[in-house]
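Input: one structure, supplied below.
Order of writing sets the labels: A, B, C and D. Residues in every chain begin at 1.
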Amino acid sequence: MQTLLSVANLQTHFETPQGVVQAVNDVSFQLKKGEILGIVGESGSGKSVMAQSLMRVVPESNLSKISGEVYFNGIDLMTLSPKQMQNVRGSSIAMVTQNPSTSLNPVFTVQDQLLETLKFHPQQKFKNPKERMLQLMTEVQLPSPELIAKRYPFQLSGGMKQRISIAMALMCEPELLIADEPTTALDVTIQAQILELIKNIRNTHGTSIIFITHDLGVVAQLCDTVGVMYAGQLVEYNTVEEIFKHPRHPYTQALLASNPVFGKKQTSLKAMKGQPPQLTQLGAGCAFADRCEQALPLCHHTKTDLIRLENHYHHRCSIPTLSGLPSL
Amino acid sequence: MTLLNLRSANLKIQITLFVLIVFVILGLFGAWLAPYDPTQQDLSQALAPPFWHAGGTTAHLLGTAPLGQDILSGIMVGAQVSLLVSLCAVALSGLFGVFIGLVAGYRGGWVDTVCMRVADIQLSIPFILLAIVMIGAMGPKLSNVIFVIAVTNWVTYAKVVRTETMRLRERDFVKSARVSATPTGLILLRHILPNVINSIVVIATLDIGKVIIFESGLSFLGLSVQPPTPSWGAMLADGRKYISIAYWPSMFPGIAIFVVVLCFNFLGNFLRTIWDPQSKH
Amino acid sequence: MNDRWRYLLERLIQAAVCVWGVSVIIFCITHFIGDPVQLLMPAEASQADRLAYQQALGLDKSAFERYIIFFANVLQGDLGQSYRFNTPVLALIWDKFPATFELAVAAIVFAIIVGVGSGILCAIRPNTWWDHCFEWLSLSGMAAPTFWVGIMLIMFFSVELRWLPTSGRSGLASLVLPAITLGWYSTAVISRMTRSTLLETLETDFIKTSVLKGAPSHIIIFKHCLKFMLPTLLTIISLQFVTLLAGAVITETIFSWPGIGRLLIQSAYGGDYPVVQGITVVCSIIFVLIQLAVDVVQFFLDPRIGHRQ
Amino acid sequence: MKFSSQNPFAALFLICALSLPSLSFSAPTGKLTVAVPSEPATLDPHKASNRYNYMFNTNMFEGLYIRNDKAELVPALAESVAVASDGLTYTFKLRKGVKFHDGSAMTADDVKFSIERAINPNTKNPLLAYIKTIDRVDIINADTVAMKLKERDAIFLKKLAFAGWIVPKNYIQAVGEDGFAKKPMGTGPFKFVSRSINEQIEMEANELHWSTVPKVKNLVIRTVPEDAVRLAMLQTGEADIVAEMPPPLVERINALRGVKTLSHPSGEIYWVVFNIKDGAKDSPLLNPMVRKALNHAIDKQAIITNVLKNQAVQIAGALAPSVAAVDKNLQPYAYNPALAKKMLADAGYPNGLKVDMYSSVGRYTLDKDISLVIANQLKAVGVDVNLNLWESSKWVGDLSKKYYPMSYQAFGNTVFDPEGLMIFGLHSKAFWSFYKNDAVDKMIDDSLKISEQKERDTHFQKIDKMLYDDASHIFLWESKILIGMRDKVTWRPQPGDNVYKFWNASVDK
């Protein structure tokens, strides 16, 4: 399959009074057309900032810089002018955010907000915006779309709002959909429906999806490939089977061990000890070293190696024997 | 850029605090620190210019007023009136407003309705009118000026505290206190007040500046503290008659008012930033 | 719809209660103003003349009686007769109100244009030199007494530059300085409030959604943010407007502007009870009406109102 | 134009001149803008209550007798008067050919109506006190009117010139009281155009006037309370004449280009009033020795030089030199703090005394500043003055309710005769008098019966000496009125009063 998105050495740094925050640190991955990539990690690991960096919507106030290459359909998004980038957002790449109750503007009707997306991208091919809207609303399984379109967001339930957010993201038929924890704020039953919906979108439209979550179960259910983020780094990136069957990075292993579904049944769940490091105080060594049960002395002060596997997959750990696979 | 901002913000707050400390020291001890008695007249020295002008002397650094009073001393001693009026008026209106706000917000129902209607009525009466009538009736004494400003200023506090209280009333820690039969007064004092005190202090700090400006407006209308008691507002207002022949009797008190009010505004904004990171002031 | 009418009716009753409360309070405190008879009579009048005059004005009746008469008249739309001008109070107010209204509107328009404009510019580029400049400017606006600003403006723009008339009410040029003077403080308040509200709004998720949708920045600011902020801004502006109407006294005195503020202070000083009472009652009615209007406008602007629990 | 009833030729000439107005007068041109700090309340001359009314009235209206622009008492709407020997009947011969602003003729009916209106208690005429002596008005024939007085009044004509404005009967009856106040009409040199309260009064030259057609076409009197703004208006040329400038600005105004100052005696005397009438039971101020000491304690000349910038003239007693024939031999109490202290000690206050002083703010020129100086100078001789500065109207309003042991006041001139001050400011029966001296009261009562001028002068000098000897007040000065005027204006204000007649003003292009 054709590669849609290729990210190389993406870095996002913030300057704060406490020092430089390395929110995203040397992230690389590739996404094929129609592929669903899951990004997992604890809160604060840089998942959302990474997604925002891809769309170049990181809050500007204290941004230091984004660097790296983000090739989308062969064009480096980092080299586009702000105007061109604005055109990419919402049309080629769309994003669904976490909290449906705040992500819709309370003072405009659903219809206003949906149709607007088309207005911002005059090059889109839908000649009848209203029809497109109703069609999408039906597709995201909103009951009586005509009626809902005229409603204000506060008159709708959380699940409905998230469906609308998804419909809004899909308005211009984007090639890439970034879903930033779209189910976190929802009830479990609704969560399942939304996941189903996202899967359907990929299946019917062939949309590539980056799905950000901290829920390993969701990843297992939905994704083709997985990136595990820790302290701004993609510590492990591989197919979903490999990640769950042969986790190579100690952090991935610990993550799986602490999860009721994937943790070993015979022993009790293992809570990960310690806290994620301050992103301003990343030393020379592995960021996970302090919490890593297998850490060697050198882990604390030596830069971790990027161990490349086939198909751009990789993991970052300096304890090669654990991987069981030869490093390249 | 960011770091620079922070450093300059730090410097700004240091300067602000310095100015305000000087202001408070003058307010408390100005009468002892001033080189002259500010009410002391010397008609032969009337309207002497500041020392850097031709004809000015270092005896009167900032020149003299129309009756020959020393302006620097006037400013130093006049700080007391500004300090007293602003602090007392804000404290009085704050206390009253907070009390009304707590009771109205916590009790709700008809108590709330009555309090809010009274607040509406208060807001509908022009401040100036109240000042004219009340100070007119009671005479332009310091205590009356404080009282009038306090009377017209409590509504802001009441409204803010009421809203906050209504929100906090539904919080679990208040509910549990209520369930455990804590007396209402104690709930208000121990559970609700500490949660609104920051907002109140911010409003009060900003209010102090506003009150100093109010006081000078009252001076303009002849409704504030009268000479011989020196006050910045009165000096500024009285000096305007002479503005075309001598700027100093009004300019320096004007600068004093400006700087102190500016500093209170800075301080208020600063407190808001550190206590309420959500806010973008 | 039923709820909406009930809401409106409730607000109307509240408004009426408010106006009535103001009338009582004002009636009571005008009692304390100096004796109108002494203020109105010249030095030559004898004590007997003064007593006769008092009787002629009906001031010999008890306060309660006078309030009943006053209130009954107000209900019939009669605010009484000015002692000083010997004309109906309502006619006087009608005569002088347009000047104040014109001034207050000009001042609030100035404050809105400069305040909202600068607030938006500051919020778009926070922490730039531009933002800092305006922070200083608006904090200065809040730190300078009105009358001082007015005299300085006259000194500079009228006397030094000879661009604008010093005072009086003759055409647009004469409106400029008083409007700036009166609107000075409000401009600062509105600018600061606009900036902080806009910054808060820009941080909201739905504005992030707009950015993600690829909305151009002018649409984000002027459509998505402003419509959301409008109720807040309206409340601030309406409060400022009322302050301006009531606070025009000083500006009107400085600029010899023939408005209601000067009439009010003269009447209060001169013991002209009926005018003081009349102006206050009219002012409070206007205040209450503006609040009501703002409520109604917000009702239409913010779909959430009326649906809150 | 100046005329007098003693000269029939002049009057004859006048009548001729009137019939051929184009020969004697060029058409009025130009606009004169005057800025004053305050304004009349009502424009009805019979309801006038402040001196801004008089400024308006004197340009709009005339009486049977008036003050001309040199402040001389001259017949106006009357040609002459005959006084009966008992002094109780005044028979006026009315001037012929006088027209109201609407062109209608002034008749004996109008005179009767006007005077009756002015003395009718229902009119609430604040100036009633001046003409209360009128018992009735009779029309003898079409151009003769007689007024019967209740009692003799030696200065009746002077009072009539101040309060006896003639208004059009038919017009008032047609438009009503309010209508008249809104659009007043008289016979004066200027006619009413428009008025906006707190803004301005606009007048226009009355080309039908029987003698004095003004030189300016338009007269605008603007109300500008701020001193600094009036000065600014003079500088920018927005005003041609600015009135009542604070004295300290005199040098500044003179330094401006194209502008000059005029300064003339106001007829208004300033003094510190002791309340020794009511409620002064055991006040130390009841002791004349104390009052004398206080008189010696004030350095009047220093105040006049440094604070008032010489815009005042020291007085010894209560009489204003510009209004009365003052006894030149009466010397002001000399400034002598040592003597003052000694006198206080002799009076039984060796350690000084405490006294409350109440002064207005904004009622009189620089009243706040001067009260402060007075308090300061009194303090220097051991009189601890507790100074209360009150906003003007509060101060006036409390005058009748509150006991002011000491206050800084002024008393203005209205009738160009010491009688005004005596009756309304010194007689113990007067509202504005806080002094009680039976001998003085008696002398004042007597003065009403003395019509011979020389005799009156000496009589008042005697009263003045009594006041001086009793140190009834701290006598300060007669103030001057400071006016700023642009060079292009030619105008001479009327002396002895702060009422401005603009009949003779002209403006160069």
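By our rule, a contact is a pair of C-beta atoms (placed from the backbone, for glycine too) under 8 Å apart; a residue touches a chain by one contact, two chains touch by 3 or more.
Not measured: the values here are computed from a predicted model.
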Problem - Neighbouring chains common to chain B and chain D, by label - result: C
Exercise for the section: Would you identify the chain whose C-alpha centroid lies closest to the centroid of all protein C-alpha atoms displayed? Expected result: C
Practice task
Tell me which of A-C and C-D has more C-beta pairs in contact.
Solution key: C-D
Exercise for the section: Report, in whole Å, the distance between the mean C-alpha point of chain A and the mean C-alpha point of chain B. Expected result: 52
Fill in the blank from the handout: chain C to chain D, mean C-alpha position gap in Å, rounds to 40
Problem - Distance from the mean Cα position of chain D to that of chain A, given in whole angstrom - result: 90
Practice task
Please list all residues of chain C that touch 2 or more other chains.
Solution key: 33-34, 126-127, 151, 155, 203, 253, 269
Problem - Set of chain B residues in contact with two or more other chains - result: 2, 136-137, 221, 240, 243
Exercise for the section: Indicate the residues of chain D shared as contacts by at least two other chains. Expected result: 226, 228, 391-394
Handout entry: Sites on chain C touched by chain A in the complex
Key = 126-127, 203-216, 219, 224, 227-228, 301-304, 307
Fill in the blank from the handout: As the complex stands, chain C meets chain D at residues 33-36, 38-47, 49-50, 52-53, 56, 84-87, 92, 95-96, 99, 151, 154-155, 158-159, 162, 165-169, 252-256, 258-259, 262-263, 266, 269-271
Practice task
Please name which positions on chain D make contact with chain C in the complex.
Solution key: 41-42, 44, 47, 49-50, 121-122, 124, 126-130, 177-178, 181-182, 196-200, 222-226, 228-229, 232-233, 235-236, 238, 391-394, 396-401, 411-412, 414, 420, 423-425, 429-432
Problem - chain D to chain B touching residues, read off their complex - result: 226-228, 231, 246, 248-249, 251-252, 302-303, 305-307, 361-362, 368-369, 372-373, 375-376, 387-394
Practice task
Write out the stretch or stretches of chain B touching chain C in their complex.
Solution key: 1-2, 5, 117-118, 120-121, 123-130, 132-134, 136-138, 209-210, 213, 216-217, 220-221, 233, 236-237, 240, 243, 250, 254, 257-259, 261-262, 265-266, 278-281
